[in-house]
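When the chains are written out, they are named A, B, C, D and E in that same order, and each has its own residue count from 1.
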Amino acid sequence: MDFLSPEEWTAVALSLRVAIWATLVALPLAIWVAFLLARRDFWGKQLLNGIVHLPLILPPVVTGYLLLLTFGRRAPVGAWLADTLGLVFAFRWTGAALAAGIMGFPLMVRAIRLALETVDPKLEQAAATLGAPRIWVFLTVTLPLILPGIIAGAILGFAKAMGEFGATITFVSNIPGQTQTLPSAIYAFLQVPGGEASALRLVAVSVVIAMAALIGSETLARRATKRVMGA
Amino acid sequence: MDFLSPEEWTAVALSLRVAIWATLVALPLAIWVAFLLARRDFWGKQLLNGIVHLPLILPPVVTGYLLLLTFGRRAPVGAWLADTLGLVFAFRWTGAALAAGIMGFPLMVRAIRLALETVDPKLEQAAATLGAPRIWVFLTVTLPLILPGIIAGAILGFAKAMGEFGATITFVSNIPGQTQTLPSAIYAFLQVPGGEASALRLVAVSVVIAMAALIGSETLARRATKRVMGA
Amino acid sequence: GQVTVFAAASMKTALEDVAADWQRQSGHKATLSFAGSSALARQIEAGAPADLYLSANSGWMDRLEEQGLLRSGSRSDLLGNQLVLVGPAGTAPQPLDSTLIDALEGGHLAMALVEAVPAGIYGKAALEYLGLWTDIAPHVAQADNVRAALALVAIGEAPLGIVYATDAQAEPRVDVVAEFPAPSHPPITYPVAILTDSKADTVQAFLDYLKGPVAKKIFLRHGFTEPPQHK
Amino acid sequence: MNLSVSIQHRFAGFTLDASFETPNGVTALFGSSGSGKTTLVNAIAGLLRPDQARVQIGDRLLCDSDQGLCLPPHKRRIGYVFQEGRLFPHLTVRQNLRYGSWVSGRQRDQAGETRVVDMLGIGDLLDRRPGALSGGEKQRVAIGRALLSQPLLLLMDEPLAALDEARKAEILPYLERLRDETDIPILYVSHSVAEVARLATTVVLLGKGKMLKCGPTAQVMSDPALAPAIGLREAGSVLTATVTAHHADGLTELAAAGGQVFLPRIGVPAGGTVRLRIHANDVMLSLGRPGRISALNVLPGKVTSIRSGGGPGAMVQLKAGHDQILARVTKRSATLLGLEPGSEVFAIIKSVSVAQADIGARNQSMAKSDTTT
Amino acid sequence: MNLSVSIQHRFAGFTLDASFETPNGVTALFGSSGSGKTTLVNAIAGLLRPDQARVQIGDRLLCDSDQGLCLPPHKRRIGYVFQEGRLFPHLTVRQNLRYGSWVSGRQRDQAGETRVVDMLGIGDLLDRRPGALSGGEKQRVAIGRALLSQPLLLLMDEPLAALDEARKAEILPYLERLRDETDIPILYVSHSVAEVARLATTVVLLGKGKMLKCGPTAQVMSDPALAPAIGLREAGSVLTATVTAHHADGLTELAAAGGQVFLPRIGVPAGGTVRLRIHANDVMLSLGRPGRISALNVLPGKVTSIRSGGGPGAMVQLKAGHDQILARVTKRSATLLGLEPGSEVFAIIKSVSVAQADIGARNQSMAKSDTTT
């Protein structure tokens, strides 16, 4: 395709990979945290709630900087992960996914939590009387009922991951082919006088991808809602 | 107070003003858009949905740039607003509020929409049979029932507004006392070697404010939920 | 009588010292707005209420000049700078030859965006001039600005980085391990100009002060050099 | 104000097609589970937009597909007691009750509110929210809410099913008063024949979405052909009688077409007309006038028909005066007594078996509208 | 397996304090709206954690506050039919029915499923989702779901209230079979005396959170002192009788303590024991043996007591053999017949008035457990 240079295609593919991984990995964790916040009472709940919201409150650059201080090669957590699990984030696409996942996390948690809070506990009670242990109640009743919320959370996370720039570039820099996501490429174009047109091309690609995901998710969510609401 | 310089206090005050205005002004609009998306079918619905999500998908710098192209003093919309309504966004705190509001808009809409989708239409039907016109049904039944969602949306919007940097600095610059919000000030410090300590002070202030808002909102939301769920 | 100065973010510390001194001398206040040179230039295009533009990048200044946004005759090169190779404090001096890649020890060379941000553009030019670019390019981590690249070295995430001498001097956690010869890259200049729309009566006085000996002394103290003569 | 309804609507696998016109008073909508009662009532309320509909109360046209007219629910002024409560969870019981007058900006009728609250026994619940109410408490609040919205038509979908006998017995008279003292027509869905017989002026019998029968209660209830649809145990007849005297021992004497009848005292003055429901099961037949027995009501009559199915029972229809009386006896008895059409028999009805809950008082205007349909 | 329950719990403004022990079979929980029935049942199911509780089924201890033991709901193996359905909206009817065996990993009983589906008449609904079911359809699915979860105790909170007579009549025999053929105790909340009389081995009468009475159905139902609590219209007596013969004309002949009784054929073989419920309202008294009347059942007896209140009626208790029979007559009749304790009378009961729905078949083991309590 002539529309984008090979390097730009690489950035598109990378952004997709980053956004998909960020969403998929963060989602189960977001469901769990949302569940804790919506249904459990424990010491430090408000603290957890605050930490979850931090990426929203902090300027992205700060988040990226904190990530660097935590998950960098020299940082304690980063070094430990690299040594024991062989999981390296610094200057890798995995780091971009981590940053994107963290930035989208509060959005996912909120959406899922909101859905959880409207599930009628009476249905869960009914499931329990039918012999379902807690985890089964969750999997067979709660989870399907909050599906619209999970889809909403996932699409918010995905969109955010597609657009995330500040934390990503601060944490993993911009290495073409490895960590250069679409937003980094767009940013670079915008730094150069006359780069607007090129930037716009990439913006268009980004928007098309996100819209496709959005419409897909709407369809899924509508189906899920319809199932729950009847007919 | 010695902890912050007068200029920094100004930035704190400005950030608060920006975040509060952004949230309050965007909220009714977000409720309206969420209502359209959740309850109405119309031509261009997916388009509206996409536009609402744009600020999430685009790198903030791009959003800021588009704002500049739209609401700048030389831009058609900006000039028109200034001439007819006397409303100037460019390089004013109002512009920072506009940017923050737009960046937080998709988060608000999603939260409210999610809440709307779980309201049982049977209750709204019941209200109608009791003689309530549509708008009254909305105000007296729907709105109170989605209060937890509105609160969630508002706090997401507020937190985002407190942390918004990319779009703001691109749109209204970083003029101390006029458009320098906390994130801009933090960014400026991070540009200075050894500025981390100063940046951290401001980060702390930002986090404290956002946490206070968060805990306040949780309390409100819990009360609202409890009212709805019974007891 | 207040002057609003739009200045490249990398000049923050130095310019703040100068402005403070000017206020002490003249009693007039200079309001300093720091952001990326590109963002500032676009804002000026959009009618920003700035009196003086101090860029780290002559490209953006050229563009404003073409558009007639600069008061004619007011443009000049205010300062120069030097490009250096830095490593974490204690790193041994490093010759600028093919051993450079080994010195990375598998790590990354931190630079600003090599296509977009001046420090990155200069650095890439220098490496090309030295015949090292092709080999080293895959190992370059590009940060969104030169200070972020500096930070990567300062916290030890990158074993080496290319930054301005001014940055290296301000950051105690790094040592200069090599200086790039002046001919290896285009001259580094910081152009300054008064904007056509400026109404502040003190703007010329401030510009004169910037060019004057007192300010120059402060700038030199921060590591800036006299502007390169050939233009 | 009479109610005229004609509705056609298709769901996947279910078609509703019912037209009927009923006079003022209470119309009972009767039919088995899934026969389309709720669907019909929803269409009248405007909550379901049927494929084809025409609904008119008196001369107020609510909806007419042919004219493209369809009032939205809030303009119909229909009070609806839903099968499942639908109380507003965020409002207190008091606020739920006042909702109707609040949103329509009508003057609140404090006296009416107090009366309804007392009648429903929900005075203690006023400041609570619906979430923690018991099933019956919820339904009582829902009834109150609909009554207080000053409707022009009341739709009640099994309103009393969740209530105990004592509470039912308390609420039924209020519904009767509503029927008798106001002009508000009531469409009443119920599975209880006793309730229907007591309240309803007209009965609409639905079966699988079709209207099987629509007519005055007396006629539908004593139609032996409909006995299976209504339930054999519940079949019976409805007589009209005039109060002649109230006696000191607590009995009221009435004149029915077939003779004198005694009832525990009823609140209708002498000269008033009442309806008596007599379960076919509660009627015994005797060939001679019985002697010293506790039953006070013995009406002479003539057998008009005997229908017997596969079971051990037989349904005997008598004519007593110009009234129809149904009696359900065993085939064995019918044989032992030699019953056949034309046999002269005595119907023995224990006075107390024509129980309080089966007595429906009717005012004159209703009696009129009843006979004209 | 008997059920032993002792529960204390306080809500703001309401205190539940009830202890009872019931033998196997069906225990009816009877009481007015808001008396605490649902609260009690929730506590037994483990959905509400009461302040103080001890619940035991047979020798399975479900919960004992003193020992700090409290099994979670899913370990209690209690099938619960809720007052409001609570079907899973995201599952089809079929999936709802199979939910219990699915989550507990039990072998699905296909034959049982078919039987339950047929019995409840929900075969056509299996692939639908609950959202669009009618009120009665929902409740039938809920009953099926609970039955198919293979529970050790069934809790039913007004399960039949939303159903029509025909459907009730279809489902009741199945509950009877459940009672008679399995060892599953059933706790049954209902406002219908007919249902209670037919099904219940034991009746627990609740009033304002307190247990008013707990005892065998016959005893509670024929206690004149409890008549007001149960509802005057519903008072009656319960007799035990033995089947002696099935006649060709569809009647079954039984021997009660007081004499011979005829009923429409019942499905109990000769020699079996059954319970007959007789409404006090359905009994007529005669001083002489009546002549040619349609009633086949005439039992001689002796008046033991006459209670009359402020109304026009009187409750006459007779001894017929060793059985108690309640008859409700007017004071006027009592006076006319000169009734007083010791009077010899004949109780006339229309055979068909001891109706199908009031017949409860009992197997031997139950008769035993009944007499030992």
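What to note about this one:
Basically, a residue touches a chain if its C-beta (ideal position, glycine included) is under 8 Å from a C-beta of that chain, and two chains touch if they have at least 3 such contacts.
This structure is a prediction, so every number in the text was calculated from the model and none was measured.
Least step count on the touch graph, subunit B to subunit C: 1. Contacts with subunit A and subunit B are shared by C. Comparing the CA-atom centres of all chains against that of subunit D, the greatest distance is found for C. Chain geometry summary: the mean Cα position of subunit A and that of subunit E are 57 Å apart.
The distance from the centre of subunit B to the centre of subunit E, with each centre set as the mean of the Cα atoms, comes to 60 Å.
Chain centres here are Cα means. That of subunit C falls 91 Å from that of subunit E. Across the assembly, subunit E contributes residues 84, 132 that each touch 2 or more other chains. Across the assembly, subunit C contributes residues 148, 151 that each touch 2 or more other chains. Residue numbers of subunit A whose C-beta contacts span two or more other chains: 65, 187, 190. Contact annotation for chain pairs lists A-B, A-C, A-E, B-C, B-D, D-E, with touch applied as defined. For subunit A in complex with subunit E, the residues that touch the partner chain are 122-123, 125-134, 136-137, 140-141, 144-145, 227-231. Subunit E meets subunit A in the complex at residues 45-47, 72-74, 76-80, 82, 84, 86, 88-90, 99-100, 102-104, 129-132, 145-146, 149. Those residues of subunit A lying in contact with subunit B across their complex are 46, 49-50, 53-54, 56-62, 65, 106-107, 110-111, 113-115, 117-118, 148-149, 152, 156, 159-160, 162-166, 182-183, 186-187, 190, 196, 199, 203, 206-207, 210-211, 214-215, 218, 225. Remark: subunit D residues 11, 13, 31-34, 37-39, 83-84, 124, 132, 134-137, 140, 157-158, 161-167, 169, 191, 193, 230-231, 233-234, 247, 249-251, 262, 264-265, 281-282, 284-288, 290-296, 311-313, 327-337, 348, 350-353, 355-357 touch subunit E in the complex. Residues 4, 6, 9-10, 12-13, 31-35, 39-40, 42-43, 45-50, 145, 147-148, 150-151, 154, 167, 170-172 of subunit C touch subunit B in their complex.
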